[in-house]
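Presented below are the structures under discussion, each in the form of structure tokens.
Two complexes are shown next, each including subunit A; its partner changes from subunit B in the first to subunit C in the second.
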Partner chain A sequence: MSYFIRGHESKWEVVLGLEVHAQINSLSKLFSPSSTGYGAEPNSQVNLIDAGMPGALPVINQECVKQAVITGLGLNAKINLKSIFDRKNYFYPDLPQGYQISQFENPIVGSGHLIIEAEEGTKKIGITRLHLEQDAGKSIHDQDFENSFIDLNRSGCALMEIVSEPDLRSPSEVSLYIKKLRSILRYLGSCDGNMEKGNLRVDVNVSVRRFDAELGTRCEIKNINSIKFIQQAIEYEARRQVKLIESGKIVEQQTRLFDSQKGETRAMRSKEESHDYRYFPDPDLPPLILEKKMIEDLKLQLPELPDKKKIRFIETYGIKKYDAEILVSEKEVAEYFEKLVSDRDPKMVVTWLTGELFSYLNKKNLDNPQSAISVEKFGELLDLINDGTLSNRLAKELFVEFIESNMSASELVKKKGMVQISDENEIINMIETVLDQNQKMLEEYRSGKEKLFGFFVGQIMKISNGKANPQMVNTLLTKRLKK
Partner chain B sequence: MSIDNSVVKKIANLSKINLSEKESENLKHELNKILDWVDDLKKVDTKMVEPMLSVFNENMKMRDDKVELTNTDEILSNAPDKKENFFVVPKVIE
Partner chain C sequence: MSNLSDLTISQAKELLLNRSISSVELTKFFFDKISNFKNLNCFITETFDQALKMSKISDEKYKLKKDIGLMEGIPIGMKDLFCTNQIKTTAGSKILKNFIPFYESTVSKNLWEEGAVLLGKTNLDEFAMGSANTTSFFGNVVNPWKSKNDIDKKLVPGGSSGGSASAVAADLCLAATGSDTGGSIRQPASFCGLVGMKPTYGRCSRFGMIAFASSLDQAGPITKDVLDSSIMLKSMCSYDKKDSTSSKMEIPDFPKIVKLGVKGIRVGIPDEYIVDGLNSNVNDNWQKGIEWLKSEGAEIIEINLPHTQSALPTYYILAPAEASANLARYDGIRFGLREIGKDLDEVYKNTRASGFGNEVKRRIMIGTYVLSAGYYDAYYLKALKVRKLISDDFSKAFEKCDCILTPTTPGVAFGIGEKQDDPLEMYLNDVLTVPASLAGLPAISVPSGLNDEGLPIGLQIVARPFDEETCFKAAFVIEQLSNFNKLKN
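Here is the complex of A and B:
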């Protein structure tokens, strides 16, 4: 038992399932040829189909079908050779057709799973289904008191709705699930996974129960746009439900939204108004039939996905599981690591990549290491540290300046006079100077106060302006003091 | 199965249409007639028949992922109200 909500009477288990909407990475929309480009002028990417004009007929985009199949394969899921498109009917101004073309009973992808590394170990999370559907347009409510503004550029863009089983048990597992799903989508290239731009949107189903009891009534929290807020929303919602049940009330099945400023969830619509979507097969669209061969071909083209890559990294480079997990989560990082490590010490590469470079990327809000520093430039720095020209400490000090300069590592070392002193005689001279100046300490050391070794090292580093090779100082000083 | 006035009202509400009492009454009869007919259809033994997922016997035609440019003025030309290339509608917020 790990995560739970403590009530007055007992501990409550939290049961969570996710519906993720992922926008497919295609040039044109699911059923229309208008562009899917982000950030265009309002209503500049809208054709007759997207605007719901009578008589306009939808024709499916082959690329979207392909991406849905690839994603299904990447989620270890069953691909359905026959699937059906249905109309989901509701009225809203940003849905000009009056219905969304979606898939109800016969989705393109059936059950699958993905793996997360939870605190208690590896956990398999079931995927119920993946289906294709149209996105709606965007409503803007805050520009005018009396009116809402509608932009239909997003209307008709292709979405994959990926539904999980209620297998998740804590906010942190939800976070791991989203990160893993996002990572797989990005490896496959089927979705950018950018939550801020809204091309990955998450709805969470939350219910609570006493441990080992039957599932409770769930509430759905809609459209939360960051992992942090999702975790907060779950925590709040689970506590709310526990409070209700323990005070003898019932949890009503509801759609709720999360107010990130107040940190609370609120009912979006009451039960009486709850939507009845009246699904029925879209008479404009025949069944979507896939050929087995197409699926087999796509299977062969699948890239190496994060789980497999992680195992290979651990086996090939002898790095820790924890480090491997970090390196493979972003495709670009994994590629960068492999180029950098090719003829270098994996341990050193991992330390520098996940340490110095990652903290720089975080500070600058960058994802791709390549956008900060080229593999060649970074590699040269590591090589200079490795052959003793530059000390680790100095390299760390200079790191940010180095990244932001146009200089190569050797140019910078030269310019700064930072070359590490690795000449034996020079270091011996420094040792003698320090010992001469500290006769008393030397006697104390000889009479057993061995802690003073560190003091001598410090003095030597000081007179070398930090440039003496620390390992050599250690070895030579040990040798000298034994005399 | 039979449909009463409250079901007709509910469907009308979901469809965002206003019905007079008379229209409502007519629709109730029409809908019930259709449902009665469906009940008749249900009497056919279909145990050995594969469920028909669609009335089409052909596969869906697909198109290539190619972009065609669109014209904002044209798309907005039927809008009752517009502003700075947005459609303008009475305030809707849930």
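Here is the complex of A and C:
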């Protein structure tokens, strides 16, 4: 019970479950051949089916089915050999058919789980189900005073709705869950996980209870588009519910919206106002039957997922669990790491990758290290540090300039005259010069002020313009002072 | 050509092949007929310019004796439920009264590829919901048949493919397409003395056919005789990857087998089809039908279809349920009629209140009700289970017999305006056709005699899934032995 809401009377546990809508990475839509590309002219990627024209009929896109199965397998879930598409009926201008084709009682994927590394340790979060459904179009209200506009490009795109069990207990666990789910989806390639583009959308079910009490009434917060906002929304909503209960009121089952400007949730509709969706099997679509063989084949093709990769990294490269966790969370980072580490010191590679390169990527808002610097270019830099040509300190100073230049590490070092001075005689000359110029200090040192060692090193580095090999300076200076 | 009116497709094709007549001449002949019989209100849209273009192309093919299709140069009517590219398609509804599709239904496309010529889009009950063609926004259709007892009384052509049936019966075209959800091909064919074939569910693609009840809707031909029916069905059906319920079963060469006879075929007679209100003339005709088939060597077997009486209520839960969702897309947002309103809800309400007729609204309400929370299990789910029982009845029966002979309808064509006040009485028209629809089976209605008033009676032959051939064979025997063509004149 690391996380709780402190009320007037007691501590309250927050119980959270997630419904994640992940847009499937496919060229065409769930039931139509229209393109799913992002950012096209409004209504340029729409065909009869997406526009709900009379006589249009849906035809399942097998690629989307495959992606759903792969995702199910990646979530350690049961794949249902027979699933059924249902119509979910409601009127809305961006829902052209007047119903959404979804899966209700018989989803394509049943129960599974994923693992998060929570504060208290490893935690298994249950996945209730994953089902396939059509996305709706987009209503646009800010283009005109009197009219709204509809863009149907998104209408009919394939979504996987991934529903978790109410196993999450804090905003940070929710954040970990989403990040883990997103990571798995990206590894599998079934969804790009981009929340800004709306390709990953999260609804959160929030309820509170006194510890070990029965589950409380939940409210669903819809469509929050960043992890930060999700955490804020949960905090706010949980406090709101605690306040209500402690003041003797009850929590009404509601759908609520998060206002990110005000940082609060507000009621959208109550349970009584909620739609009767009148689900029934879509007669245009026969049951979706999967071959066992297909599932077995997909299982064999499944890539190594983050959990397994993490264990392998720890075992193979002897790196820390914490570092491994960071390295595997993004597929591209993990791949980059493995290429980079191949014949180099893992510790050094991890330090440089998660230190300098990550801070650069963060600054530039990049995800993929490869997009900033090639493995070869980065590797050469590390090798120059390793063989003593370049000091760690210099390399750090030059790092950003290096990444952004077209030069290789050796070219840069040459151009900048940055080659480390590792010539013994040259360093001895420098030491003599410094000692000559600082006779008084030398006397003090000899009379016992050994701390002055650092002063001499600094002076030597200074006259070498920082190019002297620090280790050699240390060794040679120690030797000289012992005389 | 003294009387082009009496031509069938097969006869017309012969004339076209030996070039005694051109498709353009034939087509123009029907222009005049259509213009002279506007009082029957068979067509919603006439497409004479289109027809001329198409018939000229056909004539060219006959001239070159190249690429001659099964329906080459044959002028037909197209039920206005099939979307036709750049040609207005209304489904008989105000809500689509100006709707011009930019795509072609697979069934119509198949027909054009076989050379058929489009004379126009035929009238129908609104969204194919009706049994008398009285629910069309474009007015009711009149049956060209008259009762001997009351020459002035206008009779219904049946529905929903009433415009198609009436047009073929009045010789305004050589044949027409229909669609059948619970009897909408077979019942009007029966009322108009024509052959109406509803093939197995999945034989004809539903792509581009405006949906009423997706699990039941099936296209089929309405023709003057059985041979024509086989030719036209062959032209209409195909596997279509654009319809997930379309069948990949091989399509037989139907015209080849029509005349093969019924020797050794076991014909089931279900006791349960002697329903309340079964007209005695119809019942007598049914008995004759049994004798005709027997005389040609068929074996007559008594069978049981115990859930027959549940078929109609089952149908009137499932079909409206599907319709309530299928018709949700007519919301005034993207196409079709839009009535203004002060907010979104009002736009919806005003558009749908103004755009749909009463029968359609009734069925949307029934459908919405039976799918609602708290009622779903009692109505929709139960109906699904009963549908399975009805299907099983047929499967069991087909262990004993190869086809089933029944009347198509309990009665004959009735007067326009009759049965309008009581929807239940109207629904009873479909009591004998609905079971085969629920089971997805092929069923044909063939004219088999006239009643005391001189009005046509039809018999229905139902067969196993994808065995349209047996339907055709048995229907052909009845057509021959009933001598209907002579009776007609």
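Observations on the model:
In the analysis below, the second predicted complex is superposed on the first by the 480 of 483 C-alpha atoms of A that agree within 3 Å, B and C clash if a C-alpha of one lies under 4 Å from a C-alpha of the other, contacts with A are read in each partner's own complex, and residues count from 1 in each chain.
The rule is simple: a residue touches a chain if its C-beta (ideal position, glycine included) is under 8 Å from a C-beta of that chain, and two chains touch if they have at least 3 such contacts.
The shown structure was predicted, so the numbers you read here are calculated from the model rather than taken from an experiment.
In the superposed pair of complexes, A:Q97 makes contact with subunit C only, with no contact to subunit B. In the superposition on chain A, A:I60 makes contact with both subunit B and subunit C.
Put simply, more of the residues of subunit A are touched by B, taking subunit B and subunit C as the two choices. Applying the stated contact rule after C-alpha superposition, one finds that A:G458 touches neither subunit B nor subunit C.
Contact with neither subunit B nor subunit C is seen for A:G355 once the two complexes are overlaid on the shared chain. By the touch criterion defined above, A:L285 lies against subunit B and subunit C together after alignment on the C-alpha atoms of chain A. Look at A:G52: by the touch rule set out above, it reaches subunit C but stays clear of subunit B.
In the superposition on chain A, contact of A:D276 is made with both subunit B and subunit C.
The interface of subunit A with subunit B overlaps its interface with subunit C at residues 51, 59-60, 89, 91, 93, 150, 276, 278, 283, 285-286. Against subunit A, the residues of subunit C that register as touching in their complex are 82-83, 89, 91, 96, 99, 101, 103, 105, 206-211, 213-215, 241-245, 321-322, 324-325, 327-329, 331, 333-335, 344, 348, 368, 371-373, 376, 380. Interface of subunit A with subunit C (complex): residues 48, 51-60, 87, 89, 91, 93, 96-99, 150, 276, 278-280, 282-286.
The part of subunit B that touches subunit A in the complex is made up of residues 10, 14-16, 53-56, 58-70, 72, 75-76, 81, 83-94. The touching residues of subunit A, when paired with subunit B in their complex, are 26-28, 33-35, 41-47, 51, 59-65, 82, 84, 89-93, 106, 139-141, 144-152, 268-269, 276, 278, 281, 283, 285-289.
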